[in-house]
Amino acid sequence: MTLPRFALVAALLVVAGLFLPMVIPNPYYFYAGYVVLQYVVIATGWNILGGYAGYTNFGASAFFGAGAYAAAFLFKAFGLPLIFQILGAAAVGMFLGVATGYLTLRIQGVYFAIATVALVIVLETLVHNTEYLGGASGMTHIAPPPPAWFGGQTQFVFWVMLVIAACAVVLARWLELSWIGRGLRAIRASEPAAESCGVPTLRLKLLACALSGGVMAAAGAPYPTYTSYLDPVSAFSLLIGLNALAMPLIGGTRNWKGPVIGALLLASVQQIATVTISSEFNILAVGVVLIAFVVLAPEGLLGLKSAWARPKLRLSGAKP
Amino acid sequence: MSEPLLSVRDVSKSFGAIKALGPVGLDVAEGERLGIIGPNGSGKTTLINCITGFFRPDTGTISYKGQDITRLPAYRRARLGLSRSFQIPHPFTGMTVIENLLVPMDYGATSARKELENAEEILRSVGLAERRDHPAEQLSQLELRKLELARALAARPAILIADEAMAGLSEAEIDDILSVLFELNRAGVTVIMIEHIMHAVMRYSERVICLETGQVIAEGSPEKITSSPVVQKVYFGEQTAR
Amino acid sequence: MIVLDLALNAVATGIVLGSIYALLALGLAITFGILHIPNVAHPAIVIAGAYAVVVLNRFGLDPILAGLLWSIPFYFIGLAFYEFYARSFESRGGGNTLQSLTLFFGISLVIEIALVVAYGTDLRSVRVGYVGESLRLGTVAIPYRFLVPALITPVVVFLLWLYLSKTNTGLAIRAVAHDERAVSVAGVNPTAIKRHAFGIATALAVIAGAALVITGPVDPFAGRIHIGRVFAIVVLAGMGTIPGTLAAAIIIGVAESLVMSFASPSWAPGVAFAILLATLALRPTGLFGGVR
């Protein structure tokens, strides 16, 4: 599918989402669907750096939380509407991504990964010490009433998240097809070889950091509106950082489909599971699944599929 | 004599207390076939890494086409036409063979419109045409070496530096690679060959430089180098001792 | 004068705190610093060790003694752990960093949740006679619950340094990271050496756990706050130098302690991160690191 057609399909899905509140009366589905879509955005954003370029980010929750707090701040301080909150959050995420990347990426990927672990703690510390943002106990966020069309705040933020998800996936798809995506894949395979092919590796990695951070922060922006309340523990939740990593790894990290499939699958299961089993077992299950995939199927579900298809390919070209 | 294409002046590089290279100086003329030999650890790879921009030399200058490139990052040098292949092949896994060639074309200075056709032609010239759409990770050792060269060629280099492009290959396979390199040189590309396989480098090169503990200890025609007592002592002596 | 007293106290506390951090970081100095295995699960293993010490302490055993006893089974757990890692990745021609980091991240989660499932999320502590008392030197007061574990560190650092620089096996551990082929030429099995080193690192984790649980109660997630800190120490030390690890840990301990006294304790977790980033940006080879 060409990119314009791909974008058209995404736009049609967004338009169709406008009519969902008329078809589905129960707001719970929007409440749960929001979380699933939120993870589609997070996983897609994570994969731009983690999947395409091969740089692990353990701190997705730092970007998500930064986005949520940036949005809450912009609303509290200036009363900005949701759309500007999202854009502001994305800008904050891009800045965080570039700053972390610039300080650590010049050396080795391992340091970047470790820095992202610590980034979560630092941002949480920062929020804890900021009275204006509610400190450790959190802050209420009373958003203005949603457009009447949607019939409720939950339905509205669901649709907003649908728009963000569509944009994120189209962005990922565009990156994948463009020269940027090819450069990032080259970096993932071998940085020296990429560099000797004329790929400006540091610049490209920083670009990926910025885009990835921006998308993940945008995923956090509508969160205060969604919950009407924002506190450091849920905004910087470990589960977000874990899911961001697990979803692309389970789906497959090579293209846009992997994180989307992983997010839809894992987030849906978690939405059902939170009703039935405890959150500890939820995390444990994700942890075990993560280990299993890394060890047994490092290319994810999509990798398993192409591994099945591969022997057929061999028949066409005779092996010397 | 016209200005050399590539000129290395007083370049040295140390790692901590260990002096890995130099100071060395050498000139490479346009269209030349230069061989660089020397025992393990003599500084060959360090020299290449300085020339291609992976290491920044501690002292000295490197100029290319009259331009000082000592401080230029590796990717900029690649765009200027300094291309290299790696001792251990670094294929872009997760891509097909043809896609591997598109990377240097995407990022190269010359914006070739007919990217795919050019890439296919290069694949034919190295004998990888039928592997065009195979994932890079499925290639054999020989094919990986060829891909390494093909990718370096796709950047349309003025200088190709082949770092032990033939290590571990059979005699027939060495002939294969050598003919690719001869063909390339005939097309006007300057080739610097770093090689351990003596008969190959002697057959290919017009001029040979021998490095030992970071210094140039001999330089001249292949015949002169082969008969040089200094070279025989450090290099051939080492080989016969094994 | 009050400021001076406060500063003196902060520095003394910082040195003590730092030497406890060093104990936490020593295992990682081996796995990450020497072997280049990004073992982000190390702090979680330390906490698992602390819980193991708590169990033996219930029978009245001294926590340090309990830590020493546990270090033997933990050594073997470490061997098994490395075997799992090696079979998953190194046999595949060295898995990429993303995958091995993810593996250790997953393992650390599993350890944490296993502790939650077994013991709940309540804080656990050990009983020792000297809790609540302090050593007083003029205006400086150091609680024994910090001083005693801090005194283990110099002993462990010295023994480890002796082992790594004076014995054949220790030298082989250092060599294997540099050049695997050279070691195997010398007739040593590189995999066995690395496995052994990983075992030692895991055994050190339980001793660190014992020290940590003497300083104060732990919960299953207590390791998380140390992840940034221990990596900061190892990087600041210059990857794998053992005396450097102690020095780097004391620098970070003193810095944190000063921030705690003069700013606010809630800022302390950010200190190590700031130092880590500054190190990476300004001197990536670390303070005491030589050639890579």
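For clarity, chains are labelled A, B and C in written order, and residue numbers in each chain start from 1.
Following the convention adopted for this analysis, a residue touches a chain if its C-beta (ideal position, glycine included) is under 8 Å from a C-beta of that chain, and two chains touch if they have at least 3 such contacts.
Not measured: the values here are computed from a predicted model.
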Among all chain pairs, the one with the most C-beta contacts: A-C
Furthest chain, CA centroid comparison against subunit C: B
Where subunit A and subunit B are represented by their mean Cα positions, the distance between them in whole Å: 42
Chain centre separation in whole Å, for subunit C relative to subunit A (CA means): 32
Approximate Å spacing (C-alpha centroids) for the pair subunit B, subunit C: 45
Multi-chain contact residues (two or more partners), subunit A: none
Shared-contact residues (touching 2 or more other chains) in subunit C: none
Of all residues in subunit A, those that touch subunit C in their complex: 50, 54-56, 58, 103-104, 106-107, 109-111, 113-115, 117-119, 121-122, 124-126, 128-129, 238, 242, 245, 249, 280-281, 283-284, 286-288, 290-291, 294-295, 298
Contact footprint of subunit A on subunit B as seen in their complex: 52-54, 73-75, 78-79, 83-84, 86, 90-95, 99, 102-104, 106-109, 130-131, 134, 136, 138, 140, 143, 151-152, 154-155
Contacting residues of subunit A [partner subunit B, same complex]: 179, 182-183, 185-186, 188-190, 192-201, 254, 313-314, 317-318, 320
Contact set on subunit C toward subunit A in their complex: 32, 38, 40, 88, 95-99, 101-103, 105-107, 109-110, 113-114, 116-117, 224-225, 227-228, 231-232, 235, 264, 266-267, 269-270, 272-274, 276-277, 280-281, 284
